[in-house]
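One chain, chain A, appears in both complexes that follow, with chain B as partner in the first and chain C in the second.
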Partner chain A sequence: MFLATVVVFVVALSFGFLILMNKVEGERDERQTQVVDRAYKYAFVTIMFLNAVVYFWEKVGNIQLLSSEDLAALSIWLGTLVFAPYTIWQHAYFPVKVKKSSSMGWLFAGLGLLELLPVTWDYFESSKVDQQDIYLVFLGILLLITGSTILLRNYLDRKEDEGR
Partner chain B sequence: MLGSLFVILFFAVVGLVLFLQKDDGYDERQTVIMDRGGRYGLLTVLLLNAAFYIFSVFDSFPELSVRFTSTMSIWSGILVASLYAIWNHAYFSLKSEKTNGFAVVMLIMGIPNLLIGVVDLLGLWGGSPDLTKGVSFLIFGISCFCIALTIMLRNHLDSNEEGDL
Partner chain C sequence: MKNLKLKAARAGKDLSQQALADRVGVSRQTISAIEKGDYNPTINLCISICKELDVTLNDLFWK
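Here is the complex of A and B:
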């Protein structure tokens, strides 16, 4: 539990660092702003769809898929998951002047693994996972996907530059 | 049952309007505004969900039902995105003429929902007040009502402005 708190704290710090870095390096250009707005819209539609599905599932099917607490957390998670990979893939996640995005990619991927490992360890030790562990798994998946997308995008861009 | 009918009716009307406008399209400025409306809608929903999550941590707050939180998320998001788009002339395509007609339909859907919501909240049907059901009707009614009023106000201000020119 202590490790989980430390990991969440490190994640919060790295997000804070990312926001600060974006401020320092300057604003996004016009194309990036449009891409970011579109990503927000896609994330918005995704969350609406999730909430509508959960609502109708419970109302019509009388089956409670999630608690209200889990639905709130899942909405935030899913929205971020749609937003981050889309903007990264369209070169709009980092402002134009940011050069060292790969280091951020490694940081995210590393933190993602760090989130997933304790839960996996716990599972193999006691064969059960509690709710906090599930949240850590979801956070780990989000960070791993975000980090991997940054690294893959940079790798493909480098390949394309070399091909010219 | 009645609530579901109203919701289905709402999406049917919006879907029909979007279908009829399909060929007209939106210009580039309107697309940008709608995307930005999505941003504000998303931020609203995220903040609301963060609040729901924090509330759920404290035992002193009453437990919220999934139906309540999902309804609040959906309608608050739609409301923010819609009002922003309407106010910036991006809700309807440029060729749309009968926007006041749409507003009247929204108003007709909004008023009964508002009334049912108030009746449910106060428990006027008899029996104890139904918070989840009441808020669901109320937020849907408020959304329709606000959308209708904003369209009418926007149209009124636009026609005044055109009259001055």
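Here is the complex of A and C:
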């Protein structure tokens, strides 16, 4: 649990650093701005779709599928899961002057694995998963996918540059 | 539709996509997208690119 807390703290610091880096290094170009706008739209539609599905499922089944806090967290998670990989894949996540490196990808992927491994370990040891562990799983999946997308994109870009 | 004129004009100036992108203030992928025909630039970007390559808008972006 302590390790997970440390990981979450490091993740929060990383995001803070990313935001600061984006502000310092400048703006996105016009194509990147278009892509980001499109990504926001897709994320919004995905969130609305999720909320609509949950709402109708609860209405029809007359059950409470998710608490309001869980639904809000899941909405944010899903929106970020749509936004981040899409903008990374379209070369729009990082502003123009930010030098891309694979270290960010390795950081996110590594943190994602660090989040998932304790939960997996707990599950195999006790066949039980706590509520908090479920949040860690979702965070881990998000970080792993984001990190993997950065690494794959950088790899394909390098191959393309070598092919020129 | 691919913009082969842009590619040719850039090659004529011996500029890489990255070099041209740096000069006009966009990312390399944006120049690549314009050349592939995946992105239609705004008029301001068109003008910036033409200035860097010493050509007119007609030469690069009009049929």
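Here is the rule we go by: the second predicted complex is superposed on the first by the 161 of 164 C-alpha atoms of A that agree within 3 Å, B and C clash if a C-alpha of one lies under 4 Å from a C-alpha of the other, contacts with A are read in each partner's own complex, and residues count from 1 in each chain.
The rule is short, and it goes like this: contacts are C-beta pairs under 8 Å (C-beta built on N, C-alpha and C of every residue); 3 or more make two chains touch, one makes a residue touch a chain.
None of these values were measured; they are calculated from a predicted model.
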*State whether A:His91 touches chain B only (first), chain C only (second), both chains, or neither.*
second
*Could you let me know whether more residues of chain A are touched by chain B or by chain C?*
B
*asked:* Under the stated touch criterion, which partner chain does A:Thr146 make contact with: chain B (first), chain C (second), both, or neither?
replied: neither
*asked:* According to the stated criteria, A:Tyr55 is in contact with first (chain B), second (chain C), both, or neither; which is it?
replied: first
_In the complex, chain B residues that touch chain A_ = 4, 32, 34-39, 41-43, 45-46, 49-50, 52-53, 56-57, 63-71, 73-74, 77-78, 81
*What does chain C use to touch chain A in their complex?*
25-27, 29-30, 33, 39, 41-42, 45
*Which of the residues in chain A end up touching chain C in this complex?*
29-32, 90-91, 96
*Residue numbers on chain A that touch chain B, as the complex places them*: 34, 36-38, 40-45, 47-48, 51-52, 54-55, 58-60, 64-69, 71-73, 75-76, 79
